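The two complexes that follow have chain A in common; it is paired with chain B in the first and with chain C in the second.
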Partner chain A sequence: MKIEQTVQTTPQAALEITDLGVAYESTWVLDHIDLTVKQGEFIGIIGPNGAGKSTLLKTLAGLIRPSRGEIRFPAARGRRHPVGYVPQRFDLDPDLPLRARDLVGLGLDGHRWGFAWPNAQRGRKIEQALAQVDLTGFADHPAGKLSGGQLQRVLIAQALVSDPELLLLDEPLSSLDLASAQTVVDVVHRVSQNLGVTVLLVTHDMNPLLPVMDRLIYVVNGQAVIGTVDQVVQKDVLDKLYGYDVEVLRLHGRILVVGDETASGDAAGFEHR
Partner chain B sequence: MFPPGLFTLQFMQNAWIAGTAIAIIGGIVGFFVVLRGATFVAHAVPRASFAGAAGAAVVGQSSVLGLGTFAVLSALGIASISRERRHGVATALILAAALGLGDLFLTIGHVYAPAVFALLFGQIVGISTHDVRAVLIVSVITVVLFAAAFRPLLLQSVSPHVAEAHGFWTRGLEILFLLLVSGAAAAMVPVVGALLAFSLMVGPAAAGSILGKSPLQALAWSVAFGVLSLWLSVWLAYLTFWPIGFYVSGFCLLFYFAARLIKR
Partner chain C sequence: MTWYQYIWAPGIWGNPAVHTAWTAGTLVALASGTVGVFVVMRGQSFTGHALGDVGSTGAAGAFLAGVGALWGFLAAGAVTGGSIEWLGRRVRERDIATGVVMAFMLGLSALFLYLVSIYTNASNAPMAILFGSLFTVSPSLQPALLGLSIAALAILALIYRPLLFSTATPEVAQSRGIPVRLVGLAFMLALVVAAEEAALAVGAILSTALLIGPAATAARMARRPGMAVLLAAGLAVGNIWLGILLAYDSYWWPPIHTGWPVSFFVTVVSLGMYAAGGLIQRVRTTVREGGR
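Here is the complex of A and B:
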């Protein structure tokens, strides 16, 4: 009894990464990553294109085997799949014979053998997950005819329905208009608060996350730094990470990192369109 | 309408039984063929299995055994040299190699020409009771495999990364899918022929996927279209003495157009 109480009062780590390295052939895409994420934290994984953000997320999701180091989910207490993974959005055929509820259902029991016969309890769980992403009433909507933002939220519901400890999202804001991207950020933020889910969200633009994220992991050239925005998005920290001079500009509450040549000006909120 | 013997002659009864079985198999396996956009595979495996039947004739074995062996070998061959669901090149190479082998078997085996013709274009009235048993066994195995793997295959067809995050060995599911196609091919080729077998694995499922709102609905439509196409074809083939493959492929196309029209 006493032991359980101590466990509850000390905030446990949701994720511990020690000396993580991922190599493709002989190139280290990620190297010497050490970081700890607390339970319930909202973490943005930020960095220029090709920096290793998605590789880091996929390694955490179990899609890529680390070449070195260790990944642990201490709060999951040995649960086999403590992670809900939201892949990069893909286009679906408008004729696809799937409704939103079928996509979410695959997150619930798609790994089981045999057929999924409809039953009330399963249906309730699916509708609950859809309600959590503000898509009540969309259960029977054809999956191929959802808008980009709606499909993204269905995929989040698909990951949430299995009750994960951690929610991993790969570029959920890419190719969404500003309003849809904001809706996705709000939904993920609310879910992390209401359900206590730890969130790791990959994006190349940190600005939509500024009001909601607790800390960020800044990834450049396979190296990563974790901390609050004020700790990490500083000239001296980023100069060291990039290996050359960058400028950090704060304009009207937005942050721009300038001088990031690897992403041709597209990184971390510097929009060139 | 229903000439004498349509339901009473032994070879017609065999045709009805074997035909219905392969229509069901085509409908269910076709569901995944269409969902995964793997129509080229569905086209290639039955043709590759034709070489197996020719080979079986050379060594004096039953043609269904040869068909099955080559169907499975070609599926495994495609799986072993293709990368990440991009089957195109692998399928083309395996198909060409199998057809080359088939040519060789026909040449060295002096296979009787009408037998070859039957395997290419189907000979539904020529199915022996022994063949029916073989077709039914292959069909049952395919249905069981399909039912067992339904959800993981659906998950992997729709979002492969999520399947992987659930701990699935993606390549294993890929192989499982190819084995389903080879099971369907082995059952179909003796009945409708290597050249037209794939119309039953594409047409009904494509029409079913257009009309069905959920996976189970699409499956039901797909099987219904397949069985209906085949029944109409058997009846008309018996009535007119025209080849079964002509009718099956025609009805498959017709039902697809009808489904498109209904859905606007």
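Here is the complex of A and C:
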């Protein structure tokens, strides 16, 4: 599947962002973002509420047009869908006449006109995608009656089935219990390894990602820094990003940025949401 | 008289008004049922209801202008549907836009219906517009209804997958390059047609019974979208047929032997189906859980 890419000696960039700026009406929500993500990287996007994480992801997904700058997907050339996008948490009506298989099927050919006539190959692709997210046997389960973690994984399968270069996940761990969150992290990690998919995963808590992510993008007040955890989660780097003093605490292998959620709202002029 | 003649009341097959009601009702039901499923899934019941209501404005206006009521229904629906799409671009604004537009249109309706009752001697026209009278539908309307229903079904068939995608996960659909707004607009067109056809058949303010009732029942009972659409079409047609049958039978009922309004029976059957659907679903869940 990835023969072409493995032959190349230097991995191509999956994503190149140059001088990206996004404004809602007249407020700049993202400004002067420059970063490059390598193919196959697992990137966490971290930052306080209202920092612009979702805006960044939506812009990459093509839902928001950048006000300035450029976004390129060099490695995805030739693919129909450079990105597979899983939006921030939403609910489905439990009575919706829609099965997990239907949601995944829409990811496969939902952009085509007319009906999807059942055929064996289509069914196999759908079941394969569900197997990739550990949901074998859930194909006929009503989508609205899946648990939060299961729905997240179905949506990941829906994104994967289009064979994207990048997987964009907006807060897939929020509102999940620890065990379900861990399952989602494991599934995404395995998928990125097995399929060589580049992952950008937004979370306000970086700790569940520490064992699996290659680098992180730290977003505060519309500014972003990219690097490894050791490079970025440093007092001097974060002080500059936040614009005031924060403390970085490392406790039992967990990282805590103190001063973040409590002050970011007022000091930065952003509202808590 | 044998027992079944009480059900198949004498003459039901030979009555031309019943024939027209049957064909017209079936055509209308097919459009309403199928479109209705997406109305329910998209949470647009209020819009569907509003479109039916404002049909009264158009129908009354058409009556004053001496034009066929169907065209009045459709014109009012198109204006309202267009305004809602134009004003309610964001989801949250949508219900408000619908409410505001509907209120204005119903104000016009009050004026037009008043003028109808004052300046024409068709004293029963307002009743027919608001509550419908399937037995008085002119046979000459059948080709138009056939064309409209085919148009609504064709739109749905064409945009089926993108519509389902935009309905279930709109942001994902948009990220995959689906013109979500355009798809929504095309669906609105099908909805206007279905809602106004239903308004003509069972009355402006009762059209919801046909548009939402069978579809809501089907959406709740079916597990897959295609099945929900087929089931809704079947239930809507059954709903109309049963309504017509009961209305015809009611000719023999007290107090005066003139028959009760068809629309009354259509709403009763619609509600009955919805309740029965809920009951069946509850039994199903209990059985499934009890079997574990």
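Criterion: the second predicted complex is superposed on the first by the 250 of 273 C-alpha atoms of A that agree within 3 Å, B and C clash if a C-alpha of one lies under 4 Å from a C-alpha of the other, contacts with A are read in each partner's own complex, and residues count from 1 in each chain.
Note that in this section a residue touches a chain if its C-beta (ideal position, glycine included) is under 8 Å from a C-beta of that chain, and two chains touch if they have at least 3 such contacts.
Just so it is clear, the model here is predicted, and its values are computed rather than measured.
Asks: Under the superposition described at the top, does placing chain B and chain C together on chain A give a clash or a fit?
Replies: Once chain A is superposed (C-alpha atoms), there is a clash between chain B and chain C.
Asks: Check whether A:His189 is in contact with chain B, with chain C, with both or with neither, and answer first, second, both or neither.
Replies: It touches nothing on chain B or chain C.
Asks: Once chain A of both complexes is superposed, is A:Leu106 in touch with chain B (first), chain C (second), both, or neither?
Replies: A:Leu106 contacts both chain B and chain C.
Asks: Have a look at where A:Pro87 lands relative to chain B and chain C in the superposition and call it first, second, both or neither.
Replies: Once the two structures are laid over each other on A, A:Pro87 reaches both partners.
Asks: First (chain B), second (chain C), both or neither: which does A:Leu98 touch?
Replies: Touch partners of A:Leu98: chain B and chain C.
Asks: What part of chain A is shared between its chain B contacts and its chain C contacts?
Replies: The answer is residues 58, 61-63, 81, 83, 85, 87, 90, 92, 95-99, 102-103, 106-107, 109-116, 140, 142, 155, 158-159 of chain A.
Asks: Name, in rising order, each residue of chain C that touches chain A in their complex.
Replies: Residues of chain C touching chain A: 37, 41, 157-162, 164-165, 168-169, 171-178, 218-220, 222-228.
Asks: List the residues on chain B that touch chain A in their complex, please.
Replies: Contact set of chain B toward chain A: 35, 147-152, 154-155, 158-159, 161-168, 208-210, 212-218, 263.
Asks: Across the complex, what residues on chain A touch chain B?
Replies: Residues of chain A touching chain B: 58, 61-63, 80-81, 83, 85, 87-88, 90, 92, 95-99, 102-103, 106-107, 109-116, 140, 142, 155, 158-159.
Asks: Can you name the residues of chain A that touch chain C in the complex?
Replies: My answer: residues 58, 61-63, 81, 83, 85-87, 90, 92-93, 95-99, 102-103, 106-107, 109-116, 140, 142-143, 155, 158-159, 162.
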